[in-house]
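Okay, structure first, notes after.
Labels A, B, C and D are assigned to the chains in the order they are written; within every chain, residues are numbered from 1.
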Amino acid sequence: MAVDERGLELDTVSTELRRRALRLFGRSLHIRTVDSGSCAVCESEIRLLAAPHYDLHRLGFFFTPAPRHADLLMVTGPAVRAADNLLLKAYDATPDPKAVIAVGACALGGVYPEDSLVHGAIDRVLPVDVFVPGCPPSPLALLQGLLVAVGRLEERVGALSLDLDAGSAG
Amino acid sequence: MTHAIGALAIAASAGWLAAAGVALLGGTRRVGLGACAVLSGAGGVAAVVCGVLLAVHGAGTTLHLGAGPVGAATFRIAPLAAPFILLLGLVAVAIALYGPRYHEPGRGTAMYLAVYNLALLASLAVLSAGNVVAFLVAWESMALLCYLLILRHHERPGVAEGAFLFIALSEIGFLMIVLAFAILATQTGTLDLAGIAARASRVGAGWRSAAYVLALCGFGFKAGLVPFHIWLPAAHPVAPADGSAFLSGLVIKLGVYGIALFGFVLVPGGPAWWGLVTMGFGAISAVLGILYALMERDLKRFLAYSSIENIGIIVTALGAGMTFTAYGQRAIGVFLLIVALYHTVNHGTYKTLLFLEAGVIEHTSGTRDLDRLGGLIRRLPRTAVICLIGTVAIAALPPLNGFVSEWMLFQGLFQGFRISSHLVGILIVIAGALIALTGGLAINAFARAYGIPFLGMPRSGQAANAGETRQPVAGPALLAGACVFLGIGAPLVLTALDRVARATTGLDIRSELLVPKLTVIPAHTDFSGFSPTYLALFLLAITAVPILIFLAGRPRARSRRPPVWDGGILEFKPRMQYTATTHANPVRVTFEPLYRPSVHVERASDDPAGRSGPVHYRFQVTPIFDRYLYRPVIRLVRALANLARPIQSGDVNLYLFYVFVVVLIAYAVYASN
Amino acid sequence: MSAPGPPKALNGDGASLLPRADRIHTERVETTRLASLSHVLATEHGARLADLFADDGADGQIVLRSVYALDHESRYLVLECEIDRDRFPPLSDLDPAAFVEECEIYEQYGIRPDGVRRLNRVLVPPHRADRFPRLGRREGLRLARDYEPHVVTGEAFEFPFGPVRVTGWESLYMGLVTTGEEVLDLYLFHWHKHRGLDHRLRGLEPERATFFAERADGLSSVGDTLAFCRAVEMATGSEVPAPAAHTRAVALELERIYNHAAAVAAMCQTTGLSVGQARSEIVLERLLRCNLAAFGHRYLFGVVSPGGVRREPDAEEIRRQLPGILDEFRYVVDALLVTNSHVDRLESTGIVTPGNAHRLSLVGPVARGSGQAIDVRRDHPTGPGDEPVPVVQVQPAGDALARMRVMVAEVEEAARLIDAHLGEAGAGSEPLAGGGGAGLGWAESPRGEALAWVSLDGDGRIDGVRLRPASVRNWRAFDDAARAQNVFTDIPIIEASFWLTVAGFAR
Amino acid sequence: MAFWFYRGVRKGIATTRYPSTVDPWARGLPSAPGFHAARLTIPLVDRLVGECPAGALTREDQELVVDLGRCTGCGRCLELGTGAVRSTGEFLLATSDRAALIKRVPIRGDREASGGG
């Protein structure tokens, strides 16, 4: 369980509950993006989600400028400690039920190890509901992340085996 | 009844005289202040009752007092003075309730309160003067006493200048008033005001016009009509709060009284152009007053400019009324006189309230600068509520009194089409448009004047530490109550004012003013109408609906209240709020040719290195009347004085020689005849 | 500049100190001469202050390095100056371009320029200043509160915008000092994104360091990494095989094309032209797919490596896809330039005067949009020697429209270069020659000249590094551009036309 | 504005059909690495672990632990472990379960080599 600097318990217990609630949002879900120190490429891919090739509006997702209107936070970057403030404030300002999507390898602990400058992964600061790996995750992967977050798509990685010999060896 | 009116006036005078004496004797102690306030307040109550009776009775009374060097001083309380006497009493009561908590006992306070109570007396004398001498003596005493009021803190910077400006302009105005009366007195051969009024129709048109124009300008100086207004923003901020309240609440209304006295009583039935000129002065004063108010950061200077605006509205009503009368639309003329009187009382009420509360704000937070205030609604909740009532009233929002009188003014002006001359009709509608612009800007201005100090975060440490324990409440609260009554009780007020107008003009328009009892109509049954009372009830009802819905549908689940979303910054700084100037910025940009602003910017980033740091931005409006009207006049006077300097050597022998020469010339002239 | 040879100031007797072929000259100078030298360089030799940074060895001796670009002589001049005190000569008095770097040096090493001027906060967040790792190796570095306070007085106020801003834009705090409409001043705080890359790269092998250098500014990853790799190659004295050099050039130009297309899309977004935005985003997406097909990564990560390249381009795919995409790009741009609602918003918006561009040593499209013909591809060629020289696109107006025109023209130029390089591009990587040393590398990234300086220890690990993406240079002109008679709503347009990244500045 | 509309219409639909089908171009995207367990040896795995700049690879005794969350798809392991490592082509890895991204691959190369020998 992550505990933020103010001693506020960010509960991860109700994650499942929140996901079920998000499913209720069905085809109208609003997204706010927060950048906690990305290299600007994840931002570029997120911007392209609204572009004609991906057009996330057709799936019922919308970007919103204010976390007050958001159901879902898309967080990029390795959670730079200097950005704690904005991350926690944005999380606080988002009404419940809400979900957090950690976007990209940085946000999942891949690039920057935890040190005095960065937390190294978003789930050390906020309870994360969906993880989208990739450096950067392609817009398709981001779409999949969104659909997984609202339970409209089954995730595939659970069934994925990296052992290429597993089938034949078994 | 008439005896009661006279007795009450005398009682009020006695109360104020006694209050002045008590102040002189006991003003150095708190008990003395209290006693003075009680007497002053009692005098005020007497004046209120006197004013009400006078209006209801619709006839005056006359008193003769001893004989002076130029004849007996006659005092005659006429119905036209009723609203003013009532306002005088109301202001006196409110200030009496306010004063003891506002002032610290001391010699200065003792003198000040003595002067103030005498000024109340002098004002009553102006309003009840029956002949020219009494009027002029009372007027000049009132002016001098006000001068002393402003000088209360004469050691502070700017006070002497403000007071001097007041007395200098007041004296110029006085000169014009003396001339106006002199013309009428010589042409009618009487000093008695009733006598002048009775014989005025026999005076030649040229003399009458000269007298009216001189009176308009002379009283315009006191009322604060543009361009005679420049003493208001200079004198108001430097006077004590109750002094400013008295000046704005009452003294400038005496100027209105003077104009109404000339226009409707002494030389009634003047040509249409009198009305048009008066209306023009009024409309321009209203627009310029509010435009300058919007640029003002000093709360009291702001209120002073707003007074100019309101005087403009009142004088517009008077002028339009005179115009309608001249074109035979007497009913609308009387209607507009009623509007003017109504707005006079309204403005006196809420402006006094706001000045008194400005004093509370200044006392508690140490500043009048809007850009150093903020967040006072949490620190001064009572003040905030009372101020809100005053602000809603002065911004002419329903259902309070300011809305009713301004609505009536518009209904009057929009009937310009009833005038046979299209040109005049259009001029009246233009005046209406200017007043409409004023109304819109006034809402902006008062949203700013209330929002900047009361809402948001404190912009200075002093504002953050303000507290209202032991601050006066009762006086402003009384006025807030009066605002509500004058708004919702409009039918009652209008009934009384109708009697005043009937007694003054001889025309009763009650049947074209109130149908049936609670609905106000503008002198014609086929134009428009509304009921302030029902409107108030309706507003209360529709406010109740969402409250009920909220109470009934209050969410059962626990709700979370996260802080305001600020973009994730570290901390929200007071300097991240709109300032008073930026609030008015759109107006500033629109009216830039008028303001001719001078802008001064200092910033670290002017150093060309991508540096950032402190920014200082200052903005000043060019005071165009001061710079392009008064300064040249002053320069001219100085230049003339310089020309005269060579003959002023200071040598006594030379002066004796001058005397000798003059005597010689006099003899020569006499001899030649 | 006609006179070859070293600047006279450096060389009393006038003899040629370095052969023309030397593209970098390093000179040790005394602290006392630094100011006068930089004055002479700037005034008499037209030198451009490309970078200023400090470094301290294990012994704690701080060395101040100022990098001057002598663009007309195709050389870089590095002045090294040992600082013995807590103060160093204030270069920003003579050369305003040095100010931001002086602030950075103060934050990282605790030494500050002489004089009474206060500094700005650059990368150290105000609320965490004490627990913050610094580049300086001296123990117990404590910063005095020597920062210029950001206070607004008088009748203006600070309109806070950010750091969380528009969807998909990076975290950046903008404090707009305003009277309601006009922008009086602009406070920019970049420190929300500081990841300490210069700090992190220390002790890594160059190959591993490249992984991070790519992520300093992901949108000019090729340019920055190329500068870094060239610095490493110079430090070790390695040569890059010619096919790899051509591949690098292809990747660099592909990066330029997609960035400029993205900038055009962003400008459409900020002028409210949604259709134009959608059309240019289609181009952008197709370009990214072309990148993927050519190099296996949409943003060309992992192409450049020290000593060569890790991937070779799929020339077939580039030749198949790129012309069609560029046709569509031209089609969109032609339409944009006749759409009044778009052009009018860009015209005379966010003006950077040529004087300011020169004074602040700006680089890239921002400088070229203000009449500064600076392009390190032309001025400081590094390739095998037979590569085509780009024609530098210059516009004099200095407004957002000029920058857009520069970008559009550069896309054409980049396409021409790709065409020329593609035939010879191939894989190849020489192992780095071992040993230590220091080197400077540069590349013309889409945002302008990217610089990197590297010093390697005896084991070939990085001892000190300075990454200077182009964003570091150009952000300093942003508030100037925003202030020039613009109103509030022009700021996003200016930001889009600069097309910088916060990540590159804060790295 | 009309000509923008006309131009847009003429170009047809660009939008992807995802999530119905995955676009063909996406096959080239960097994807999760797959490992031939039978060809993995402890020395090879250790070299792979050392080479991974993202720290996505670790070895736990006889298992190679791959954290797909950390993997940036940089391809260094593919270059190094030619024959033993190849791309799986799977890039749609979003999950609500962080642990699901951590995959274990047994290192069987040594055993089979020793067993066979």
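As a convention for this text, a contact is a pair of C-beta atoms (placed from the backbone, for glycine too) under 8 Å apart; a residue touches a chain by one contact, two chains touch by 3 or more.
Everything quoted here is computed from the prediction, not taken from an experiment.
Asks: Expressed in steps between touching chains, what is the minimal separation of chain C and chain D?
Replies: 1
Asks: Can you check how far apart chain A and chain D are, centre to centre, with Cα atoms defining each centre and the answer in Å?
Replies: 20
Asks: Rounded to the nearest whole Å, what is the centre-to-centre distance of chain B and chain D, using the mean of the C-alpha atoms as each centre?
Replies: Computed value for the inter-centroid distance: 81 Å.
Asks: Mind checking the centre-to-centre distance between chain A and chain C? Centres are C-alpha means, answer in whole Å.
Replies: Computed value for the inter-centroid distance: 30 Å.
Asks: Averaged over CA atoms, how far is the centre of chain B from the centre of chain C? Could you give it in whole Å?
Replies: Roughly 64 Å, centre to centre.
Asks: Scan chain B for residues touching two or more other chains and write them down.
Replies: In chain B, residues 566-570 touch at least two other chains, as defined above.
Asks: Mind pulling the residue numbers of chain A that touch at least two other chains?
Replies: 34, 52-53, 67, 83, 85-86, 89-90, 111, 135, 138
Asks: When you check chain D against every other chain, which residues touch at least two of them?
Replies: Residues 14, 29-30, 54, 72, 74 of chain D touch two or more partner chains.
Asks: Check the chains against each other and report every pair that touches.
Replies: Inter-chain contacts occur between A-B, A-C, A-D, B-C, C-D.
Asks: Sort out for me which residues of chain A touch chain D in the complex.
Replies: 15, 19, 52-55, 58, 105, 108-111, 113, 123, 128-135, 137-138, 140-141, 143-145, 147-149, 153, 155-158, 160-166, 169
Asks: Would you mind writing out the residues of chain B in touch with chain A in their complex?
Replies: 560, 562-563, 565-570
Asks: Of all residues in chain A, which touch chain B in the complex?
Replies: Residues 34, 66-68, 83, 85-87, 89-90, 92-93, 95-96 of chain A touch chain B in their complex.
Asks: Which of the residues in chain C come into contact with chain B in the complex?
Replies: 92, 96-100, 118, 120, 126-127, 148-165, 171, 173, 175, 177-181, 184-188, 356, 359-360, 475-477, 479-480, 483
Asks: Would you pull the chain D residues touching chain A in the complex into a rising list?
Replies: 14-16, 18-19, 22-23, 26, 29-30, 32-38, 54-56, 66-74, 86, 88, 90-98, 100-101, 103, 105-106, 108
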